[in-house]
Amino acid sequence: MSATRWQQAAPALGVLLIVALAALLQFAIRADWVDGYTVPLPSEVLASLPRLFVEEHVLARFAMTAGETFAAATMALVAGLAFGIVLYRWPRLRAAFEPWVAVLAAAPLVLAYPLFLVLFGRGPLTIVVIGFASALAPVILKTVEGFAAIRQVLLQVGRSMRLSPAQEFSLILVPAALPHIFTGLRLALVFALINVVGVEFLINLGGLGQLIGELSERYDLPGTWAAIGLVVLVSVLFFVVLDAGERRLGRRR
Amino acid sequence: MTDAALLSVSRVTKRYGPRNGGLTAVDDMSFAVERGEFVSVIGPSGCGKSTLFHIIGGLTQATEGRVSVEGEAITGPHPAIGMVFQEESCFPWRNVIDNVAFPLELAGQGRASRHATAQGFIDLVGLRGFEQRHPSELSGGMRQRVCIARTLAARPRLLLMDEPFASLDEQTRMLLGDKVLQIQQQLHQTTLLITHSITEAVQLSDRVIVMSYRPGRLKRTLAINLPRPRTADILVSPEFGTYVAELWNDLRQEATRGLAEAEG
Amino acid sequence: MTDAALLSVSRVTKRYGPRNGGLTAVDDMSFAVERGEFVSVIGPSGCGKSTLFHIIGGLTQATEGRVSVEGEAITGPHPAIGMVFQEESCFPWRNVIDNVAFPLELAGQGRASRHATAQGFIDLVGLRGFEQRHPSELSGGMRQRVCIARTLAARPRLLLMDEPFASLDEQTRMLLGDKVLQIQQQLHQTTLLITHSITEAVQLSDRVIVMSYRPGRLKRTLAINLPRPRTADILVSPEFGTYVAELWNDLRQEATRGLAEAEG
Amino acid sequence: MSQTLLPRLVATILLLVAWQAMALSGLLFRDVVPPLQAIASGVGGVLGDSGFYANLAITGFELAVALVLGGAGGLIAGLALGGSRFLSQALERWLNYLGPTPKIILFPVLIMMFGVGAGSKMAMGAVSCFFPIAISVAAGVRGVDPKLLQVGRSLRAGRLQMLTKIYLPAMLAPLVNGARLGFGVALIGVLLAETKLSNQGVGFLIMQAYQRFDMPRMYGLLLVTVAFAAAVNIATDRLAIRLRGSRVRANK
Amino acid sequence: TLKLAVGQRGNWDTSISELGQEAGIFAKHDLTLEILYTAGGGETQQAVISRSVDIGVAVGTLGVLGAASKGAPLRILGGETTGAADLFWYVPTASPIHTVPDLAGKTVAFSTVGSSTNSTALMMEAQSKVAFKLTATGGLPGTFTQVMSGQIDAGWSAAPFGVDALTKGSIRTVFRGSDVKAAQDQTIRCLITHAAVLAQKKTAVEHYMDAYRETLEWMYTNPDAITRYAAFAGVTPEVARQTRDQFFPRAALDPNRMSGLDAIMTDGVTFKFLAAPLTPQQVSQVILIPGFKP
């Protein structure tokens, strides 16, 4: 029974651990073990939040970064599923291209940002496209992984019932591979958000990335870290929604 | 092998290539099943029954030979066929009632109506009260029954079953066998049952096909001339016993060969 | 429930919580198995046999009650126990011989020696010639035999088997049952067999435990006083028939209840 | 191999033709979308530059160390989170939340801890690849068939044995994919760190090409780097196939 | 040995240490330099603050003052560039824009908020009384790309970047940093170190400054410097010479010069780098140029 008690307390303990780490950092900086000019005091980071809200249009930036990330991840999901199904259906294509998908994950797309600027213009589209391109690989890889792990007999049931390709996709492949697809989607969000913020930072456009860039130029360390905290908040937002979605769709298996 | 046969299997051979170990699983099998007939296939473990089952179902291509259902040559799954697989094949992400209602959902039936139909088949296999459970919360035999109910719910004209009662106790198996028989008669279904239970084969079938051990050949066909319905009396009758003994004898040779060859 | 018993199950109850549908799977079961005994558990599908099996194996915690093996209370898997699971559980990435040699590998045996031992058990279950194949290239019954061989290779003092012969034909099953019996006698093994085949239970056991349908209670224990070795003669003797009929009767009630309750 | 050659060839040709059409259309800024011959000469320039290989070796070494450290960390964290419901409930969400943090802010901290040389680049790479590997492994652990775990437990396999003989072979696919993704982000992490503060490595060369707006060389560097990544990837793929044994179709 | 972090590799002004080392001038002063290149002033400053390097070269003065006002133990050793002569704003040759008034309502680039490009552009607006649409475009290559693909009307650049394009005629200058009068005496970039470094390696740092001055002298007198610089920066000797002669008047690089602080600090407040201008005490604590008086 106490085991379940611990289990219930787990999320709270996780938060507690993070808070404790922050407190430890605070102490370490105060005690001068850690250089306070390289890492800001956690308390100052918190204290700088209101300032950011008042002075820096944080809400609009937050919405912008979140929106770009959402668009990139959604596109990656749709395209990744499509690619996934193609690679899965045609094993020869899979053998030919799966390693190349992995190479896509290793391509430093951010460094080629001028190309994207030329192709997609100076605007959110460029950011979304780079986010999308970097989020695509994990979705494809995880989708194919999930499809390939499906027990053959479940597919045979589908075939014996003469499912159309679309039915097979939506009624068997996707539900059976759902945990893998969700992992792919998680990674896609991580990759998309990193790149969205990175590009915003690089071309000085849009949301939180630009803010981080400006604040760090100003050597506003607490503000910079607080802005990064806001990026974390964007990911919290997405993952809370994602977890809820997974709980609904993927209950008990 | 009349043309009128609902199912006709002619000269079917299946060889697994050298990459898969190089083995003839089914060798030159031919037989036919008439409309409304109940035929069982029986043979020792590993003799090629499931391979044959997959070929008839249109899921595996035979190396040689041809299968036709309702006069059409089989090239892929045929709409008249419903299959119950040897391996457990419930959809783990669907609860019991949605598993059973699956073929009805495919047919585009509304939720209420398909659940009503599914409920009937759930009751039939003795799973009332478990409608909302997911397969992971069922026992092995219960999962197998879900799969049976799912295939029955599609009301196939030709029912193919591969050891569907394997993980059921003998009583449940008998009761369930009877029910399947009833449905078959009501719906004029044709059934091909793969089984390893001799009594089950004799109890349910019009004919029993015995397969030999490696390569899987047709060893003999035995017509079961017992009146229907086969009541408890018939099951203890000497005729019943004779059929069982005869099959038993055939199979003992094959099974012994199977195990002995290995030890040789 | 003497202390000398190799396995003692006392007042074991297992309830699945409301989140899992709220159901008492095993209700207040008590029994003991003496060293060297062969005991079968038999009961209708879904009555709680596998649940009991997992509890004895130390893989599931009982809600109430206590299990002890060789005098030690079970809190986790016990070294004396070897288990054959109802579900197919071969390692798909290992070929047959490496599957069978798995427990020996865990024990740190060298490759040559463990393969030699494994080969013996592969021969025993009739899979000679399939050593290098992977499970996906075997038939259902063959995979089940791989699992049996794997557990036997560990030479457990208490062998727990959950419907190990389910997907085998009756002949292979009998031959294999006999071999298991021989090993058990050679090694003074104790065996608890969960089965749904009445003849199998009578053929192999010293005692048969009958479980009732929901909640899974101990309905009766029947000692099988037939001489050993049980030759073909004994299997057709009237005593054998009586035991079978008696169990049949017990079980019919339970199974009917199982199916009927659902339809009610 | 020849089976895979044709689709690869077709795709490559399509891609090249599309690019060339774009470059020659004149609609786009020529310097950024240069025609293939310019890029080819960029690639040639990079390959002909003897200094490049020394820099590639440096980046490769940093990447290797980053992968070993970050990979081991990610693997251990993933196994722990996947294996314990408690840990997963307590900490896994933080893995997800913190995964997208721009690692660049850690760079000042990392150069303070590991210096301006290779150490801080390795650390950047390691931190970057930790997250995808941990996330992938944790999910992989949970995806292992519980039946197989029961077999191991019933045979009283030790922790290490469970890990090496059941978990790892059973989760080969998520491991390989985790490694692939980890490799990708580690490479990007190392390159970015090199563009931030360095005097050697491929990232440094890229930054240099940038500041001269030498786009063909830039593309040359990027393409050669990607080719390098591809070579490593395909080599590990082969290895994985060999490890898996030639014929197993796991989980079927 | 001293470790240096240098931003903007390949600029004339940031090449002093590299060229001096090559020419053996630093060796004469018993110094070996380990030079690391950074993506910009921000990174350089961070490297100095974290004491990963000893000296930071070409760090924005405004940024240093901002960090110092927050207590970071930074010290300014000397000015690096005074005036904005190396900056220029350009348009593609085909553009209808020719003069500053043409820029009214057009998008005009600067790098990041608070950078010297930002303040210079603002001063140009004030000086010419023309309202631009100022847009942050990030670094040089990105800006160039955006201008050439027509997404921004006028881009900023710093020699030698773009000098080649100017010569070839693909771009055209609209105005130069030296046209902005108010910018002319502002020391926008400087050389910095960490207080602790100064405490430990005072003589080495002094030697560095001596060698720095000597190198500067050499760079404007010895033709060898142009060849070496051209090789180092990857430009033609012609571009190298133009860069030096047209964009970097000798006086602009005088490390002893530190001027226009008041204007810089006013900007600092506007751009939120500073909460308030630094007091003279603070300034004299931070700026350690011989003979400097706030």
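Labels for the chains are A, B, C, D and E, by order of writing; each one numbers its residues from 1.
Note that a residue touches a chain if its C-beta (ideal position, glycine included) is under 8 Å from a C-beta of that chain, and two chains touch if they have at least 3 such contacts.
This is a predicted model, so every value here is computed, not measured.
Least step count on the touch graph, subunit C to subunit E: 2.
Note on connectivity: the fewest steps through touching chains from subunit B to subunit D is 2. Relative to the C-alpha centre of subunit C, the farthest chain centre belongs to E.
As a whole-number value, the distance joining the C-alpha centres of subunit C and subunit D reads 48 Å.
Once the centre of each chain is set as its mean CA position, subunit D and subunit E turn out to be 36 Å apart.
Our note on geometry: subunit A versus subunit D, Cα centroid distance of 16 Å, whole angstroms.
Annotation for subunit B: residues touching 2 or more other chains are 20, 87-88, 137. Looking at subunit D, residues 28-29, 32, 108-109, 112, 195, 247, 250-252 sit in touch with two or more other chains. Contact with two or more other chains is made by residues 46, 49-51, 139, 141, 145, 149 of subunit E.
Interchain contacts (touch definition given at top) occur between A-B, A-D, A-E, B-C, C-D, D-E.
Partner subunit C is touched in their complex by these residues of subunit B: 16, 20-21, 42-46, 49-50, 86-88, 122-130, 132-133, 137-142, 145, 163, 166-173, 175-176, 196-198, 248, 251-252, 254-256, 258-259, 261-264.
Of all residues in subunit D, only 147-148, 150-151, 153-158, 161, 165-166, 169-170, 172, 244-245, 247-252 touch subunit C in the complex they form.
Within the complex formed with subunit D, the residues of subunit E that make contact are 3, 5, 8-10, 34-39, 43, 46-47, 49-53, 139-141, 144-145, 148-149, 161-162, 233-235. The touching residues of subunit A, when paired with subunit D in their complex, are 6-7, 10-11, 13-14, 17-18, 35, 38-39, 92-93, 95-100, 102-108, 110-112, 114-115, 117-119, 137-138, 141-142, 145, 148-149, 151-152, 179-180, 182-183, 186-187, 189-194, 197-198, 201, 209, 212, 216, 224-225, 228, 231-232, 234-236, 239, 243. Within the complex formed with subunit A, the residues of subunit D that make contact are 3-8, 11, 28-29, 32-33, 85-87, 89-91, 93-94, 96-105, 108-109, 112, 131-132, 135-136, 139, 142-143, 173-174, 177, 180-181, 183-185, 187-188, 191-192, 195, 206, 215, 218-219, 222, 225-226, 229-230, 233-234, 237, 250-252.
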